[in-house]
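Chain naming follows the written order as A, B and C, and within any one chain the residues start at number 1.
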Amino acid sequence: MTLWMHELRLLLRARLSVVALILMAILTAAAVTAGMVEISRQRTAIAAIPAAQSEDIAAVADYVDRTKDAGSAGYYSFHPTWDAPSPLAFAALGMRDVSPYILRVRALGLEAQIYDGDIFNPELALPGRFDFAFVLVFLAPLFVVALFHDLTSGEREAGRLRMLDALPRGGAKLLRRRMLLRIALLWAALAVPFLVAAVASGVGGAAIFAVLAVILAYLLFWTALAALVARLRWSSVANAATLAACWLVLVLVLPTLAHVAINRAVPIGQGAEIALAQREMVNRAWDIPRETTMRRFYAGHPEWADSAPLGSAFHYKWYFAFHQLGDESVATKVRAYRSGLERRDAAARMLGWVLPSVGVQALLTRLADTDVRAQLAYQDRVRAFHARLRNFYYGYLFRDRPFGRVDFGRAPIFAARMNTAGGSNEAADRP
Amino acid sequence: MSATHLIARDELRLMARNRVAVIALVLLVLLTLAAVLSSWSHQRGIAELRMRHQQVAAAAFKAQPDRHPHRMVHYGTFIYRPLGALAAFDPGVDAFTGNSMFLEGHRQNSANFGDVRQSSLLVRFGQLTPAFVLQVVAPLLLIFLGFGVLAGETERGTLRLLMLQGVSRGQLVRGKLAALGIVALIVGLPAMVGFVAVVAQPGTLALPMAAIGLGYALYLALWVVLILLASGFARRGRDALLALLAIWTVAVVLVPRIAPDIAGAAVPLQNRLQTDVAIARDLRQLGDSHNPDDPHLAAFKQSVLQRYGVTRVEDLPVNYKGLLAMEGERLTSGLFDRYAGASFAAQTAQNRLVDAIGVLSPTIAIRALSMAAADTDFAGHRRFLEQAETYRYALVQRLNRMEAKNVSYADDIAEDAGADRRKRIAADNWQHMPDFAFIAPSASALAAAALPGISILGLWLAVATLLLTRVTRLLGARQ
Amino acid sequence: MPDNNGNPIAIHELALAYGNHRVLDGLSLTVPASSITALLGGNGAGKSTTLSALLGFVRADAGQIAVCGIDPGTDADAARRRIAYLPENVALYEHLSAVENADYLLALADQRQDRGTITAALAAAGLQNRAWDQRLGGFSKGMRQKVAIAVALLREVPVLLLDEPTSGLDPRATADFNALLLKVRDRGTAVLMVTHDLLSAADVADRIAFLEQGRIVEDVTATGSERFDIRALHARFQVGVGTRAA
């Protein structure tokens, strides 16, 4: 029997360590399962879009086909966008429970639509999700504490330390062996369930490797801390209390303090101000000569300037034009708002270099594409899609082309970032 | 001086000599103060911002020029959820719910711009509030200070020594209980004092504040008893510490996270897209406003004509378009209410499920009662949404009525050059519109909402105390 | 390299201080093979420090120290390979059996043995065979010590260091232990036991060295059937006779 097997036997004979390791594996398995259930729920919701959408658009088409009015088509047609979860999303759900992953937009003012949220229960979102990232960031350190707090002090208290130190393969080498064994077992308890789920979810090799490395690095940080505390030669009880206090500070207290500090340091004008300003701009159009609006619109969009002049009757191109002008009038505010969000996010990421708990959370949600950046990227895709929508409807509106039933099928389709179920928009293909 | 008294004093002296314990206690008090201050200033900032926005929005609405009433229906208005004073103590779900809403005709918009979508990932680590400190951090400190109160005596062998001196087991446990209780008081008091200090009008909110105070007193008392239980049961201090840390992790960290997942899976919520599509479908079945031959609208027209005893809409003394708008709004709002009601019911069912699991975790119970009394729970948010909808409906119908009464049908359907001018009604109409005023629940209603949580905690405390009397009897009997 | 003249333990003019406190102050001591030396002294005389220096836990400031010609201060590993060490309170792993404990400790000593050899040594150490596969949880100190001495026997090293081996043993167990110790000596092992129990030392040692303030103040060799004049030694050194200091 090798020394490693001896150590393994010794470890597995201790009830505390066996229970801890099994519990760690069970919690990890439960967390990846919960994550996969949630992601499959989100995939199902995305997959259900086409059916609902085709029904909705068919009704609009029924009505619009009578008048062939492109304006009505643009006004009444909602177009779905969605943010398909990445294969790794199950491991770190990130913001996906509070930010919408399905958003329908019309070709009207986007700033009044893009901040809409989906329906979620805030009380369920408040404590945060039970996912793999939570188990790793919050719980794994506590298991490190359970397995490492008495590594040396326990031997000292049992009176074995001097004897072990006096043995040729005892002493520091023994301690290293024991630490490595515990790290390896904890790592396996976290990595194996993750690996199974990741392979089942089709996560790429590089991402799996990165997560496995993150797990190891995070465990190494906590074991290093445990080793550092052990150097103070306190009792096992004092070690356990000290390490648990470190956990409290590093995982709970400092992130919450930093949250307050960052939101103070990077004030952002409430997004509500954008919506308010855009609505003022849009509604002002009713009180100024319509020609003024059109002139301003054509100045920015000369490609439509050759459109026929407005008559006395209502024309949707004027309506769409002032909606777009409304969006453009708040562009500076939107940029400032967004850069504020990005700076807050960047500050939290910077903190991740100092606070491993934050760093790991940031890294996992980045790898899983479920972080603030992913939300902003989704907004970018929505904006790009919205621009295509406008262009599509303007092609009818400003050229006074009739918009018939078949034209609904010609509307641009949101290009999902990834090829997933629900990626095709069948509604748009209907005649 | 009684033995109980002496033991309590001795234990406290021991803790006071433990430098680490004192430092930890001081840090906790500082953390509490930081939480009180930051939470208070955050809450005040929010309250001011929302009030300012609310005033700006109301002023903008009233400053609108002569308009066709239907334009005002679409101009709509913004409303903001005002936060109650108690939100400084426990902001609850405020960061996770949108707090501003755009109200307009025929649409029920979502409440947007919650903090959670405007913050970094740190927001998911929890928020530094007095409630967070008391729910999460304080029990851990009590564990650190108290895990050894009985186990240490057993381990050192001083337990038998004390018993030889004629100290009864009951006196010993009561003494330790008193000592740790005093520590709990020191831990909890700064938050409570800060709480009372930052609530501007404590008089009117005395009941919910008392409920919160009672809730946290029960919660911390429960931890004190649990700590004594574990400490009395364990043979070594280390066993007591590890057991208590495990209990804390499960009750404070784990269960509150798992419970929502279970509730979310058990009671699914319909998403916005499906809801919107379903509402549109139902609306088409009720009456298709785009279809001139729609049976429901035809019947409505018939009933209006009958009521006024005329045969053509042009002959009506009121503007038929306004009446139609009112009927349309009535239909859509009915649907909105129905779907929102279904969603609220589902979310309430989810929360009930979490509360039921809360029987396993006193932290869920205290969190629920704390938010309920501070009016920052889902019920509070729902109250805001429902009042907002009521206001929206009244506002829109008022405007529609103006269209029916003050704009003539002939003008309304005219499309000539001067028609736009004739369709408008005077600006002072907007100034008579009532503002949105959130009606906060009464103090007694808030306190009543805290009752289930208080009873769960009371039950926990009773069971734990009962167990403690059993463990007390076994003290020193085992080796 | 200190000149050890073939003595497994050779210490010459060893000096060691913790800060300003001189613990060893010119200690000289040799332990030849096949002999038992008892190092006697009160608290703080430097007994434990001497063992620590031999095990390479502490490094001397001056003087020479050698275990089989190896300076433990520079090559602790090589020295420890030649030393078996029994601490004052033999503590083993309670959740391992006697055989498993021996197996494990031998593995850590890099001197693995098969089960037959181990059980034979346990038997030789006086442990009854029904105790071999029992977990150590219920063992008395004497039984634990038997397991430890069996491990020391199995290691077949030239040096055995003992720290207060008989403290806490009842007279019967002490006699058993001493018999075992003689067996070890007769195999050629150099035994150094540190104790403050004069009676116990006189029972088994070939030589008693008295340590005071870090140096040997007297060195008595056993002679005749009486071996040592315990009364005289006790009167001279006032060290404890069979009593335990804290």
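What we mean here is this: contacts are C-beta pairs under 8 Å (C-beta built on N, C-alpha and C of every residue); 3 or more make two chains touch, one makes a residue touch a chain.
If you want to know which protein each chain is, UniProt gives these names: A, B = ABC-2 type transport system permease protein; C = ABC-2 type transport system ATP-binding protein.
Bear in mind that the values here come from a model prediction, so they are computed numbers and not experimental data.
S.K.: Please identify which chain has its centre, taken as the mean of its CA atoms, farthest from the centre of subunit A.
M.R.: Of all the other chains, the one whose centre lies farthest from subunit A is C.
S.K.: Which chain would you call central, comparing Cα centres to the global Cα centre?
M.R.: Central chain: A.
S.K.: Take the average of all CA coordinates in subunit A, do the same for subunit B, and state the distance between these two points in whole angstrom.
M.R.: 24
S.K.: On a C-alpha centroid basis, what's the spacing between subunit B and subunit C, in Å?
M.R.: Measuring from centre to centre gives 70 Å for this pair.
S.K.: Where the CA atoms of subunit A average out and where those of subunit C average out, how many Å apart are those spots?
M.R.: 64
S.K.: Quick check: in the complex, which residue numbers of subunit A touch subunit B?
M.R.: 16, 27, 30, 34, 37-38, 41, 45, 48-49, 52-53, 55-56, 59, 63, 78, 80, 94-95, 98-100, 102, 104, 112, 115-130, 134, 138-139, 142, 145-146, 150, 236-238, 240-241, 244-245, 248, 251-253, 255-260, 262-263, 268, 270-273, 275-276, 279-280, 283, 286-287, 312-314, 341, 344-345, 347-349, 351, 357-358, 361-362, 365, 371-372, 375
S.K.: Using the touch definition up top, name the residues of subunit C that touch subunit A in the complex.
M.R.: Checking each residue of subunit C against subunit A gives 55, 57, 77, 80-81, 83, 85-87, 89-93, 95-96, 100, 103-105, 107-110, 148, 161.
S.K.: So in the complex, the part of subunit A that touches subunit C is made up of which residues?
M.R.: 1, 3, 6, 9-10, 13-14, 158-160, 162-170, 174
S.K.: Taking the touch rule as given, give the residues of subunit B at its contact with subunit A in the complex, in rising order.
M.R.: Listed in rising order, the residues are 20, 24, 31, 34, 38, 42, 49, 53, 56-57, 60, 64-65, 67, 71, 74-76, 78, 80, 92-93, 96-98, 100, 102, 109-128, 132, 136-137, 140, 144, 147-148, 237-238, 241-242, 245, 249, 253-254, 256-258, 260-261, 263-265, 268-277, 280-281, 284, 288, 290-291, 343, 347, 350-351, 354, 371, 377-378, 381, 415-417.
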